[in-house]
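There are structures below to look over.
Two complexes, one shared chain (chain A), two partners (chain B, chain C).
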Partner chain A sequence: MAAQATSAAAPETDAAGLGKARATAFVTPALLLVGAFLVFPALWTLYLGITDYRLTGIAAADPQIVGLQNYTDALTDPQFRNALALTLLFVLGSAIVGQTVLGFSIAWSMRAVPKTVKTVVESLVLLAWILPSSIVAFLWIAYLNRDNGTLNSVLGTSGFDWLLGHPMLSIIVFNTWRGTAFSMLLFSAALNAVPPSQLETARLAGADTFAQFRDVVFPHIRGHVLTNTLLISLWTFNDFSPYLLTAGGPNHASETLPVYIYNSALYSGELGYGSAISLIMLLINLLIAVFYLRLLKDRRS
Partner chain B sequence: MRLARGITAVAAITALALASACGSSSSGAGDANRNEDAKSVNLTIATNAIAGGKNDQEAAWINDYVIPGFVKQMKAKGITATVKFQPSGVDDEKYKAKQSLDLKTRSGADIMSLDGIWVGEFAQAGYILPLDKVVGAAADGWDGWAQIADSVKANTTFEDKLYGIPAGTDGRVLFYNKKLFQKAGLPADWQPTSWAEILDAGRALKKLPGVAPLQIDAGTAMGEATTMQGTLPLLVGTGAEIFQDGKWQGASQPVRDVLEFYKAIYGGGLGDKSYQQGAKGRDESFAGFAKGKVGVLLESDYFWRSVVNPDNGVAPMASRDADVGYALLPAKAPGSGVGGQDFVSMSGGAGYFLNPNTKYPQQAWELMTFMNSPEAIKAAIADQARITARDDVNKQVLGGDPMLSLISEKVLPITKFRPGLAVYPQVSVALQQATADIVSGKSVDEAAATYQKAVEKAVGGAGNVSSGS
Partner chain C sequence: MSTTTPAPVEQPTEPGPRRTSEPPRRAAMSRRRRKSSDDQAARGGPLWALFAWVLTLLFFAPVAWMVLTSLHKEADAATNPPSLLAPLTTGNYGLLFDRGVRPFLINSATASILSTILVLALAIPAAYALAIKPVEKWTDVLFFFLSTKFLPAIAALLPIYLIVKDLGMLDNVYTLVILYTSMNLPIAVWLMHSFLAEVPREILEAAEVDGAGLLRVLWQVIRPIAMPGIAATALICFIFSWNEFMFAVNLTATRASTSPVFLVGFISSQGLFLAKLCAAATLVSLPVLIAGFAAQDKLVRGLSLGAIK
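Right after this comes the complex of A and B.
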């Protein structure tokens, strides 16, 4: 949209030669779709966030405007702060550390292996990424099952309920496994862009592996690292799959923000409150995005 | 400018959508006789039951009895009926969210099963309507109403209007172990007439080693069981109901009386605290009773049917019929119960409701009455004795089971139901927390003060709470 605005403001750059009327005709369908499916729901959420709208009861038939009540409630609600802290832990653990490190490690170690090995490893990692969430959740529930789960059989810890005993660790490992493929693919492509001659020179100059990585590889892939971190942070921040494993339990111990919103809005029926938290979450998303974009911009300038 | 025009378009769509969204929030039943002469009818039934899973028996009944039976009945009138079953096998709260979203968007099944305590919030939201609004005069004309006690009708009633047909109910009594009673020198045909007499029996049972004399559910881990098998039946024994004259009970004298009773049990060593606090405490208390480690336990007839039942109970007692006694729950003192009663109980239960947006209100009603005919209900419970909503069926199926006929004849006439209001679950949690506080050793004053605050927050301020005596 920004590009369109620029071209509208400066008709002399009308490279396609469409003219205003025809250009408008081209853009209108897209704008209508954006309006109906993006702008309207956003405004509607904004409106719901200042009401006491509920799924059932009087407030469902006749919601009242309550101003910023939902927002002040959320910011003072220990449950909300708990959810926010868990979400940050989830993003840090499974995205920034887990997926980035594991994805890079796989990409790095796959450079020098035979093609068949590479294909097999990459296919397996990709498989975790492309399977539907519901199926994956079912597999993990079976894997972590208390009585006859695979993990307990392997470790000989029968009777230990991982999802109850270590709920956050379980969903962090789960999400790392699930999402590593993206980082792996992106880093594989990025590593191809590192000129072998520079690596060779560094080796001849006596640089150890870490120095090679820091001084030769990283400067080439810095932009990719930032892009990758931005995308997976946002995805992970908004990820709802943990719900399929733990439903936020036990006793809110793995209730990340998306799960908290679901539990508030649909389980407890507080749609107004859920909308308010959604908006807060959107703002946090924007903050994360702006932070990374600034980093990218600094690099380019 | 194009951008400006685009924004205008978006604004126009937004305004339109807002207008239509607001417009759709008003609800009202259409013509009760719409499509009444249709030659081809499509109907859907939704319940939280699924073949091979939750409430398997109910799912099988709908698939194997209700649908073919109704299709045949309609065929005799020259009408082609297609009836579908929409199964679910999930937690009650999830099922509730699904049904409310369906109703909110004016879609969903034509007939749906809902828990009685949801009726208020669904009715207030305009999701369901009184039966006479949906089907007109036909609603009153059903002959089955005469067979359903008023107290059971309360399960599908909100603000004096019937919203659906109740599907059955239960009642609460005191179960006791006759062997332990004999050892403690207590009568085999025990019937306390006051709370003091329950505590007396508890003190006698306390002398037996390794026995938890009394089990009155408490604490938050038990969830709604604490409310239904503990605080609420006790509360009606003080003459008060949790929601009375438009106000919720705060830290009033009746609530304090209930907490004092809990204090006497769990502060006086007459109950096992770990049953109230453990994650699986309720199941453990059942197992404890079956093993002869619990003297008296307050439960619904579910305990008799499905817990200590020697055939298929979760904690079966082979000697159930000989060893398990049951007594009506007395009020705090004779005559002090709600409505001046000597004995009290609380009941719950689900019901079948019509979707106000059904295309075929008359035919849906016919299907619903078919499902609640004596023959259909007998088919539904198969050979398992259970208290149904209908007196005529109960007379036939409960005769062989003295415990269940006692519930039907003595308990149901005096029982009370929970208020079907949207905030009830939050009040229920506050009650559970108050008993948890007592079990953990806090004083009645402390527990009552915390409860008062929680209730005020839940029900929208002190103005909706009665705190006096």
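Right after this comes the complex of A and C.
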């Protein structure tokens, strides 16, 4: 942050003698690649979304412009509204409640234990984050298996299929387990910055744990809470991995937006319709992103 | 994450009344952590310890089960509760190679390693120029990179699928290399910029006064300082590429498929032959586990830095 502030104050100091020309040459290749493979496809989504493009058949060879048809279809389609509602539930349950609460609890409690314990616990939580989602999905499928899964053995509910009976709960718990590490690390760093002397003072003044948290800890970590909430909400919103657990089923009961796009565009072949929904998702993302970047810039200046 | 002081020796926790009678300590900044951890431990040690155990179980048990089951015979893996002490065997792994897991692993390695090298080659110069800031308004360029992190991958998938199909590049591992490179570039630029912004400008100015050329500055001044940052960035990019599933499953078929795709296919073809599946899962996660644990501290630093800054 300090270096940031210095360089912001004197934007034109060219400390290393890099020069504009060479600096531009340094940045351009990366910009071009990102432009070609991230920004350009996003723009093409805009075009695809107003066509009746299909994966196979006549509309694949000669797609027609259908205007806003796909968008009106989407907004009146109960399936789309279902997916949107499920996505919001997924974000609320697994990111905002699950990961944030669990991540904070771990970060908070690990201040109290010896350093070795803290390191071990943090590594194990990180383990869940490092593993490929395909593997985490497999572990959960085995764990929730109706016949010989561990959960049914523990609860004595052999024969119950969790992925069919409680699909949303399953993917919410799955995503909480997998993603908690990020919140934990972030809050762990944030809590290091809370001056213990202030906590001490609050305690001496007779403040209980909740009051200490509200009046001393929270004001210090507010920025981190915000950053964390926005980032994990975005990731969860765009996360495709629920597909690996339930594929959106049974009967669309866990079909979040990315899974819905996949199912309608690549499974049913309605590329135009899928693109329109992609663009709606993109707009929701942009809204959150603009909000986030503005906050970030405010914090820096 | 890390404090500059070495970890103090843990004092025995004292249960009982709060230490309100103790005169307030004149704790120096360097003793901050110790003080706070003492206070916390004095208040709720056993409870937090229990919580730590529960967490360990919650997060480690599934992975431990996976590794252990992968070393069991199929018959032992099927028992319920799982037989922990069953004889160990590496037979399942041999079987995986008989089933042709090798090309998938090679594809994954190619896509991850090549894209990581490309990302570094492109991101380091870009981040360096952005950190040194010889051009006005480059903060906007930086924010442009950051903003692409907000593009949902699923939205890019459909146009990319069509483009790749038209170019005849479906089922080609180099398609994945290029995609993973552009996917990880914004994160890498952002991370490297955060690291390079911490290089003291005085050092750079001194080097220029001494007449060091650009290459010498980069190699002799920047490189040693930036090495941990480069390592963290490389690790994160490697892990992201190795784990990527959505593009891999949709853009490849037989020749260029990566190991996560192999695993998912294997699950549906093998039902719940647990030992075999666990061996496959362990094998596929091994590279990222090694990468993660070899440099956990760097990874943690990279993640925190990337998010907070």
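The rule is simple: the second predicted complex is superposed on the first by the 258 of 301 C-alpha atoms of A that agree within 3 Å, B and C clash if a C-alpha of one lies under 4 Å from a C-alpha of the other, contacts with A are read in each partner's own complex, and residues count from 1 in each chain.
Definition applied: a residue touches a chain if its C-beta (ideal position, glycine included) is under 8 Å from a C-beta of that chain, and two chains touch if they have at least 3 such contacts.
This is a predicted model, so every value here is computed, not measured.
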Should A:Gly269 be classified as contacting the first partner (chain B), the second (chain C), both, or neither?
first
Regarding the shared-chain residue A:Ala74, is it in contact with chain B (first), chain C (second), both, or neither?
neither
Touching partner for A:Val27 - first (chain B), second (chain C), both, neither:
both
Between chain B and chain C, whom does A:Leu84 touch in the aligned arrangement: first, second, both, or neither?
neither
Quick check for you: in the superposed arrangement, does A:Val39 touch first (chain B), second (chain C), both or neither?
both
Tell me which partner A:Ile288 touches in the superposition: chain B (first), chain C (second), both or neither.
second
Between chain B and chain C, whom does A:Thr227 touch in the aligned arrangement: first, second, both, or neither?
second
Once the shared chain is lined up, is A:Ile171 touching chain B (first), chain C (second), both, or neither of them?
neither
Using the superposition on chain A described above, determine whether A:Asn192 touches chain B (first), chain C (second), both, or neither.
second
Per-residue touch tally on chain A - higher for chain B or for chain C:
C
Does any part of chain A touch chain B in one structure and chain C in the other, and if so which residues?
1, 4, 8, 20, 23-24, 27, 31, 34, 36, 39-40, 44, 266
Give every residue of chain A touching chain B within the complex, in rising order.
1, 4-5, 8-9, 20, 23-24, 27-28, 31-32, 34-36, 39-40, 43-44, 47, 54-61, 266-267, 269
Note: in the complex, chain A contacts chain C through residues 1, 3-4, 6-8, 11-20, 22-24, 26-27, 29-31, 33-34, 36-42, 44-45, 48, 105-106, 109-115, 117, 120-128, 130-135, 137-143, 145, 148, 150, 153, 177, 182, 185-186, 188-190, 192, 195-197, 199-200, 203-204, 224, 227-228, 231, 234, 237-238, 240-241, 244, 257-258, 261-262, 265-266, 271, 274-275, 278-279, 281-282, 285-286, 288-289, 292-293, 297
How about chain B: which of its residues touch chain A in the complex?
1-3, 5-6, 9-10, 13-14, 17-18, 21, 25, 27, 93-94, 96-97, 100-101, 104, 118, 120-122, 124-127, 421-423
Within their complex, chain C touches chain A through residues 1, 3, 7, 10, 18, 20, 24, 27, 32-33, 35-37, 39-41, 43-45, 48-49, 51-52, 55-56, 58-60, 62-63, 65-66, 78, 80-81, 122-123, 125-126, 128-136, 138-139, 141, 143-148, 150-163, 178-179, 181-183, 185-186, 189, 197-201, 204-205, 207-208, 214, 217, 239, 242-243, 245-246, 250, 260-261, 263-264, 267, 272, 274, 277, 281, 284-285, 288-289, 291-293, 296, 299-300, 303-304, 307-309
